[in-house]
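Chain lettering (A, B, C, D, E and F) follows the sequence in which the chains are written, and residue indices restart at 1 in each chain.
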Amino acid sequence: MSKSVLIVAAHPDDEVLGCGGTIARHVAEGDVVHVVFMADGVGSRGDGSTYQHQRRNIARDQALEVLGVSECNAFDFPDNCMDSVPLLDVVQALEPIIEQVQPTRVYTHHSGDLNVDHCVTHQAVMTACRPMPGSSVREILTFEVMSSSEWATPSVTPFVPNAFVEMSDYLSKKLEALAAYEMEMRSAPHSRSVAHIEALARHRGNCVGVDAAEAFVVIRMVE
Amino acid sequence: MSKSVLIVAAHPDDEVLGCGGTIARHVAEGDVVHVVFMADGVGSRGDGSTYQHQRRNIARDQALEVLGVSECNAFDFPDNCMDSVPLLDVVQALEPIIEQVQPTRVYTHHSGDLNVDHCVTHQAVMTACRPMPGSSVREILTFEVMSSSEWATPSVTPFVPNAFVEMSDYLSKKLEALAAYEMEMRSAPHSRSVAHIEALARHRGNCVGVDAAEAFVVIRMVE
Amino acid sequence: MSKSVLIVAAHPDDEVLGCGGTIARHVAEGDVVHVVFMADGVGSRGDGSTYQHQRRNIARDQALEVLGVSECNAFDFPDNCMDSVPLLDVVQALEPIIEQVQPTRVYTHHSGDLNVDHCVTHQAVMTACRPMPGSSVREILTFEVMSSSEWATPSVTPFVPNAFVEMSDYLSKKLEALAAYEMEMRSAPHSRSVAHIEALARHRGNCVGVDAAEAFVVIRMVE
Amino acid sequence: MSKSVLIVAAHPDDEVLGCGGTIARHVAEGDVVHVVFMADGVGSRGDGSTYQHQRRNIARDQALEVLGVSECNAFDFPDNCMDSVPLLDVVQALEPIIEQVQPTRVYTHHSGDLNVDHCVTHQAVMTACRPMPGSSVREILTFEVMSSSEWATPSVTPFVPNAFVEMSDYLSKKLEALAAYEMEMRSAPHSRSVAHIEALARHRGNCVGVDAAEAFVVIRMVE
Amino acid sequence: MSKSVLIVAAHPDDEVLGCGGTIARHVAEGDVVHVVFMADGVGSRGDGSTYQHQRRNIARDQALEVLGVSECNAFDFPDNCMDSVPLLDVVQALEPIIEQVQPTRVYTHHSGDLNVDHCVTHQAVMTACRPMPGSSVREILTFEVMSSSEWATPSVTPFVPNAFVEMSDYLSKKLEALAAYEMEMRSAPHSRSVAHIEALARHRGNCVGVDAAEAFVVIRMVE
Amino acid sequence: MSKSVLIVAAHPDDEVLGCGGTIARHVAEGDVVHVVFMADGVGSRGDGSTYQHQRRNIARDQALEVLGVSECNAFDFPDNCMDSVPLLDVVQALEPIIEQVQPTRVYTHHSGDLNVDHCVTHQAVMTACRPMPGSSVREILTFEVMSSSEWATPSVTPFVPNAFVEMSDYLSKKLEALAAYEMEMRSAPHSRSVAHIEALARHRGNCVGVDAAEAFVVIRMVE
């Protein structure tokens, strides 16, 4: 039975880094996938020019096309400064989308990432997806984003996965989608390098006996 | 010996949801109970009109009357947006009240609630009640508020109670006080329904061998 | 698609207390349910006579019949003394059952229960179900057992659920199955009373917007 | 109103190290204090001779006399080897004492100490004091024992106190009682030195604005 | 081999309270020590006058001179209101200093302090010191500041040290440097009293078998 | 300055899986490395014959030779059944070795592994290395062992590393030493496959900006 899946990512590239293979698998299995971006990912930089903004949008569109995603929303919350916005504003931006998409499964950022936009996004999703009678959302899972999840203070809220989605057949799609974001990727041995993303996929997969996987934390599951 | 008890609640209705039975018991046992509200609970809504504001205040006064509380302060911090205020402002609002009321026991919100006003209130209470020589505060306990404490990310700062106040004889008062807030309550099986609040009271009580109880986390106790 | 479900319970009655409604729902939905008991639940008592043993077995058979379970194994590890057995022995008892039943979902005890048999059972299940290539097990969930999970030291490994199985239509079956174990149940307001189990079911359900649910912790999920 | 207080210590000297000042204060305030020891504290040593055993008992009696305690039980569980005994045996030793003493407050070891007897003692107390209807126990608090609580793996179950009992007027009694156990004490800067115990008392006290205190974790409180 | 050490403190006096003895030891061992202050420590007070500001700066200079530190930067982020600044601004202030100082070891505040400036400072340091290829930073350690670290909600992110720097020979320097901040210090038994700081140093030292130490949490270490 | 390094591993192969690259680096840097094994790693198997035992010993000797380790002790605690031995016996076996080797740094198992021998070994090392005055041990670090650390219940005591030892130049040695244990290794995508160990090394390294690393938790560090 086809599912409606929502991914809420802080910036374009987080959706691929966090769950690109899983997105490709959902699409392949006939699920409807909708992606939301909260900020543009370039506004906070010295060179956050219109040109950079356009490049990032083009990359985003290419990546989504590789993954087979056609539905997407992009907000323009202040990049890398989402802590300067009242949380309520972020929640109220998400609520109409939840209402419209009626997702059964939602993927979003880990609550304890180093990046402040990731944390705010997580918190807003939790509020927008509260389990009231009639809510469509049955599952909330959080993903890890290299160069953020693993760089946070380890003792506070570490990313300790309890869910693994095999994506052995979709790892190539994930890497292809990452290639679209080449301006965001760094050379190995940087944590946000293609080589690392592939090593991580092998590691997460082998931990549960498959070739490649993405890892998640189950936040809530209602059957 | 009569105690001075302070409840610091983010919004009118949190005091009843969190510790209404305990308040009624304190009053019955001759303790002096003072309640502080940080925000009005309606300002953040589309219909946060004067009319709504007045209705909420009337409900609040009725609820406090049912519980037997006569001392109360109400601040007008921005509703559901207390993260937009520097924490210091919230602390400085509370300090004169602590000074005046000289509470020995303080009840407030759990640190890890979904609602951002609850979190800010907790944090401000912790600062306003720091254990300096001469401080009147001997005990700080945090309560749970259904539709907020249990809806937060479970792995972060879950509400795991270690204190239970029996309120078997005061559960009816709690439910009566909730009735005053009927505009805030929802129909079962919503988490903020009267039926759920009663089931929770039974659950928390039975866990420690009594008919009904409210559950708390002891944050600090000085004897 | 029909699932193969395995429940590993320390003692007869734990399977009903922990996930009786969920079992009934699995059966109703056509899944194959297999239950394993590790100890007899009476051996550690002063009156752990043959008569008590037989009564407990009869109760167990009645309960399983109410729930619709026909497959069951019972080991005779020392009751309430499973800490006196090397963990390896417990693991080696479980492994042939995993091999034979080929479960996709496994339910067992919470790792942090007060009862030592519950802890040992949890630990053995984790070892017997390690995620090697070819393992049938896709999901491990742990349940709570009143008078054990909530009585443990709260700060150590509290039961903080992240999965909820609605059982509104099966709560009556759960209570009926508990009736078979009346010799194990206590009068309210004891934590292991029928009234408490029902209040807990309402509470767990209302937390996620349904009438009644059983709560679990997702330990591992592989898709 | 006079309270009945029970201290459950693994070895003679733990009761003084953990809560000697608090014991002296309870006695001074008219409470009835009963102390239970689980093992003799010398059996595990190469020199665990009868002579050592007698010396330790004499020290114990002197220490209790200094603190003003007249009621005491001593079990002879295998010293430093309580992990070799089924937990149930330890629980069943404690239950008749709980029944007889009818304590309202119980002090025992922290669950996460380095010393295995401390851990077993904690676990057994939790089982013997489960909160069933009619139980006398209203409060369980755990204490820290230098050279054990602070030497455990810090990330597992650290001792993070939330309760402080002022004992400024009883610190001298605590140090006097420790003097009785001089054979167990070490020279500074060893963690189990008199100088350290005094520094710790100052530290715990000053954290909450008093001259000297003992620190505890509230495990359960029922009012 | 001489190390480059960076201390990032929220306010003047935090560097001495948190790691004054360790600073003195680094200096004595020939390491280059650089201290950064984020806010002036007086701006948030009613009497945050120019005069107070100057006094605090004079104290700071005296303290650093006692410790032997010659390199120092001071930002003027809003005192006790650093939560009102986007985190990105704080990070961008720190990055050029990291770039210039090229520290191998960084000391900063614990992530879970009561004081909001401490928390923001910690978070900003974590971002400014992310472990990219070529980063000079090999070690990040966090210190405790009495009247803040121990006054936070104990169950959230307690300070549980895993690193201890002996400073038996430098405790007198630490106390001398604290004397410079006498306007910030309080009389015993206040937590921020000289007597408490000394008791804490003894306690932290004795826990690991030395006369005096400062305690830290290792956040990250790369060899 | 040459260091004395001690590795305490439960079974032959754990030393390579956990810190083989780090061992090779210590040796290359002139440190003296001593390895202790607690059990033989084959005794618990159906085919735990003399032949298997000899094969494992030969593999062990080859692996140690590849890594350059010449000092080694092997105990014969019951394989995979170390929970059947009193902890004290394990501690007393280790103490003379600590006394003789006088290590400054100790590596051992993570406290929360699935394998019970790993847990017992960790606990015994903590006791044998308690930080008394005069102890040689300045650092205790714990390593992860694939097919055990990552298979434990994730919410209990997850392995969340805070220390990383670069071993880019020694990864080939680690893989070569693993080859000696080929009878213990499994084919990919099993978690204990050579391919996984290499992917993990890349992942741990890239997280901190280097090509390959082993990850550890700092348990205690005294400078």
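Annotations for the structure displayed:
The definition used in the following text is that contacts are C-beta pairs under 8 Å (C-beta built on N, C-alpha and C of every residue); 3 or more make two chains touch, one makes a residue touch a chain.
Everything quoted here is computed from the prediction, not taken from an experiment.
In terms of residue-numbered contacts, A-B and B-E present the same interface, as over half of their contact pairs agree; the other options in A-F, B-E or A-C do not.
When the interfaces B-C and C-F are ranked by C-beta pairs in contact, the top one is B-C. Work out the mean CA point of subunit E and of subunit F, and you get 35 Å between them.
If you average the CA atoms of subunit B and of subunit F, the two centres end up 50 Å from each other.
Annotation for subunit E: residues 131-133, 151, 154-155, 160, 162, 189-191, 207-210, 219-220 touch two or more other chains. Listed by label, the pairs of touching chains are A-B, A-C, A-E, A-F, B-C, B-D, B-E, C-D, C-F, D-E, D-F, E-F.
Here subunit C touches subunit D in the complex through residues 44, 78, 80-81, 83-84, 114, 116, 147, 151-156, 186, 189-191, going by the rule given at the top.
The touching residues of subunit F, when paired with subunit E in their complex, are 131-135, 162-166, 207-210, 213, 218-223.
The part of subunit A that touches subunit F in the complex is made up of residues 146, 150-151, 154-155, 158, 160-162, 188-191, 193, 195-196, 199-200, 202-203, 205-211.
Of all the residues in subunit E, the ones that touch subunit A in their complex are 86-88, 111-112, 122-123, 126-127, 130-133, 157, 160, 217, 219-220.
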